[in-house]
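Below you'll find the structures, each written out as structure tokens.
After this come two complexes, each holding chain A, first together with chain B and then together with chain C.
And now, the complex of A and B:
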């Protein structure tokens, strides 16, 4: 059953069983809420509160995936909003973070260390702690009830992690490459564009993915506080629409959650494949 | 033109002085090698000439212009780095073309110049490959190609061969020497490998602890090392040092009583004050023989290396320390078997208590013995 692997990669049959068992337990632990959510989305609403509770749906169907669009007609707009806000946040973060990381990685200046420490400190506050001052700021600048009210704080809270990630990555690019380019007459911007950026591409993609996911995850609290216009609402708020006066349409809510996550998932999987390719192709061989 | 002069050049990092006032003139078209043990400041000195490190004190002039505050391009120099510093995401063509692209030269000119450099370095068939697919020697040539397209007047090499294996290193040494003859440009080359220094240099600069220990042609350093450091650094295996006391100074030379008990008169020019002073006698391993000589040493080799063409023996001698000898390949020696080695007074070097050499009466243009270049 086993191919002739290198000695270090050979295991006894029970070791292999144990490894897969470990993986299965771990995966189940992580994925259990998703599995249950998916099963709920398949059940008819009436069967959800049956006793004894059955995990495996009887007469399961994908009907909720159709009716969800009828119960909440604006749902597509919410998905678009989520996607739009996260994309803009990611782009703005990248535009700001790439040159900043280059500066932290390559230019010696006073206070570089404490600045980086400061960014880390900002990261320790969750957005929720700063909601009230942020609300006042937004009101003063007239950003309440616009896309910007969700984009600006999103960018602010995602920049520190992005700078830490990317400057660490750039520090690993051999300095001799910069020196060689400098000796040949290149300036900082030329070095950044022709040498550092192409080599840091895998790192930039990692930053883009984490920023995008972060932006997707943190929208809820900003949207809830700074925006009251339905047409700008992102997905997490949009899901509230399935909470009726009398009852919650749980199966449609779950179906909507999965449909809402789908575009982001597809994008991330696509980027991830590129990420692996980029890591192997761009490897700096010393 | 590529004439370079350093005068009183110093380098300090914070309070620590690592280069202590270097004065050096390098002629146009010369191949100069900076050599010394690690930490002697040779790489720092090269980076200062290049413009990657600031010169704390003193002047660096190229063709009569003070270049201390000029960036590397304006100095008319190009540098080849130890790790080659090739851009892994660019093809060989783009790597070599990089300096020209920075200068925004027209495409036709770039093609022509890169083509010419590739022809000189036999890289024509590799232009579309990435550096990752090249062997060590080819990468080295790409790095040199990137240096020559700009047609600088001075080339700087920072230990360019240290990442290559021994056979390739020997090959690249010959290629570099040939390239120097073809380009006729000034080249400054940093290495810790004395074989590279001896084989390629017009002149060798031996650095020790941030100062110049001696400057001279390879054979001059071999035959007339100025001090104990150079004597011990140049030559492989290392020169043997035997402590002794000067008992007599005469026109014939200085008579030395060695700790081993023998007495020898070394033909050096010495002043009378040397009499009674402690001195160190230096004798190269290749000058020790199993035949007769002016002085003989009783040794018991602990290690014997048979190299085929030569046999190297290492022994511990009371009061002297390590003694190594480079004997013929068929020498009858074995570990633990006592042997008698002899050397003649004419081959000896003599150093005073400060480690400075006394002038030897030999012609430094003597051909180098075959043994000295083995290594």
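And now, the complex of A and C:
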């Protein structure tokens, strides 16, 4: 068996060359903006606009990474806001989603299928379609220009995927376990807390990570529309204001972007095994 | 199992928080959008019922053109995402040294804050010092600087390419999972019979991942149709409306000019299209699963 697989996967030299070439082109498309952005962050501002175009910077330095803290005054605050908003969103999503997923995964009740479908239908609507009523809702509760104006709608659009992922995970825990606990006289709540939750921990962690990354990556439209206070802006919006100026200090903007994406990048590399599993779970029928 | 009744009660108690939340933040606004679309709501305190006037008004403008543009934009973007993503998945599935690293390197556009990826594209498209224009001039493909975002036709394609860039990692990972779930025995049997690698790709892998591809393109269709950040950051719908899709048009009417009523009418039209896509999606999924099981 092993040998046969090895034979099937043996390529001729030109096949290997072609495939590596294909992968190189594919990855260049994916990574080009990051490469370019990084090189720009190294170039001194005066040389940025020099012609002819030079790919590799001359006199490259990490100076922009130092000066940006002064040129983008709220920078540290923006990063803190991004983290703060994403963390609160993740916590609220977990509080709502863990019990709901348990209900979908472990209890048979009428209408469960269509209810789950109803939750998933939320994914159909982007925030943009619902902005007007949401704007009015936020205004009437006085939430405009607060952290909540970004947290409250952010949570709603991350619930469906989280329920889907976590209930899929919880379904895989053997039924015999709660039945045994039930026979021993354990109540519903006890089974949830002492039997299922500990076993579902890895799944809950995956959901927490994907929710956090989703919240971190998609901070734009609500923050753009519902908040105009600089002190509450998350990083993408803070930089957007900077990006929109007449004279963009590109090398510092790019340096700031890299510092801003660093947390996400570190998370990817540290947790990539869980991530791929989490992001594609339920994608393909087993 | 005994205690079924109390179990059902318990299930509903567990569901209520999430249900209430989604009802308040998604379902209620959805209903409110329909309601507002028949009013002249704005920042003023009073709102009046205006009947179908908002709907008549939007069809007086170049709305048909915007719908057409949205469909072309979405179609091109989804097709490119599927082609590039599936191609990438086939390549990343090959048993080559380094593929684990290549798979990780595919993820960044999906994971980093979308807006930041878009800023980087904004630089790349810059005419005077961006990479694309620079390389075109280097290789003599263009005489002078090309400011991609300054002209309608190039801006249209520029926003599509950036949207494809953001969507490709998800398609790649999804299609890769689909390819990996193709039973190995099929390949082994064909291989024993002397089928070439390309033949097996064409006759085994691609047909087997077809249902996953349909599902993915429908998911991608809905998210692409809703795409906002990319166009808003790069062009805000310009130059002279050449990248104004339905979402952008709705946003600038509702939030830009604060015409809530007219904006809501546009949002309702978007919802109708989205519902049509959803019906299409469920039909495709049920048809495919029936075909797979019989």
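The criterion applied here is as follows: the second predicted complex is superposed on the first by the 227 of 286 C-alpha atoms of A that agree within 3 Å, B and C clash if a C-alpha of one lies under 4 Å from a C-alpha of the other, contacts with A are read in each partner's own complex, and residues count from 1 in each chain.
Simple rule for what comes next: a residue touches a chain if its C-beta (ideal position, glycine included) is under 8 Å from a C-beta of that chain, and two chains touch if they have at least 3 such contacts.
The structure displayed is predicted, hence computed values, not measured ones.
For chain A, the partner with contacts to more residues, out of chain B and chain C, is C. When the two structures are aligned on the shared chain, A:190 is found in touch with chain B, with no touch to chain C. In the superposed pair of complexes, A:260 makes contact with chain C only, with no contact to chain B. Of the two partner chains placed around the shared chain by superposition, chain C is the only one that A:40 touches, whereas chain B remains out of contact.
When both complexes are overlaid on chain A, the residue A:174 reaches chain B alone and has no touch with chain C. Of the two partner chains placed by the overlay, only chain C lies in contact with A:225; chain B stays clear of it. In the superposition on chain A, contact of A:13 is made with neither chain B nor chain C. By the touch criterion defined above, A:131 lies against chain C but remains apart from chain B after alignment on the C-alpha atoms of chain A. Using the contact criterion defined above for the overlaid structures, shared-chain residue A:155 touches chain C, although it does not reach chain B. Contacts of A:62 after superposition on the shared chain: neither chain B nor chain C is touched. Contacts of chain A with chain B, set against its contacts with chain C after fitting on chain A, overlap at residues 179, 182, 283-286.
By the touch rule above, chain A contacts chain C in their complex via residues 4-5, 7-9, 11, 15-16, 19-20, 22-23, 26-27, 29-34, 36-37, 40, 48-49, 51-55, 82, 95-97, 99-100, 102-104, 107-110, 112, 115, 119, 121-137, 152-153, 155-157, 159, 163, 179, 182, 188-189, 192, 213, 216-221, 224-225, 235-237, 239-240, 243, 250, 253-254, 257, 260-261, 264-265, 267-269, 272, 275-276, 279-280, 283-286.
Remark: chain A residues 174, 176-177, 179-186, 190, 194-195, 198-199, 282-286 touch chain B in the complex.
Residue ranges of chain C in contact with chain A, taken from their complex: 1-4, 6-8, 10-12, 14-15, 17-19, 21-22, 25-26, 28-30, 32-33, 36, 41, 84, 87-88, 91-92, 94-96, 102-117, 119-124, 128-129, 131, 133-135, 137-138, 165, 168-170, 173-174, 176-178, 181, 184, 187-188, 191, 197, 212, 222-223, 226, 228-229, 232-233, 247, 250-251, 254-255, 260, 263-264, 267, 270-271, 274-275, 277-278. On the side of chain B, the complex with chain A involves touching residues 50-52, 71-73, 77-79, 81-83, 85, 87-89, 98-99, 101-103, 131-132, 146, 150.
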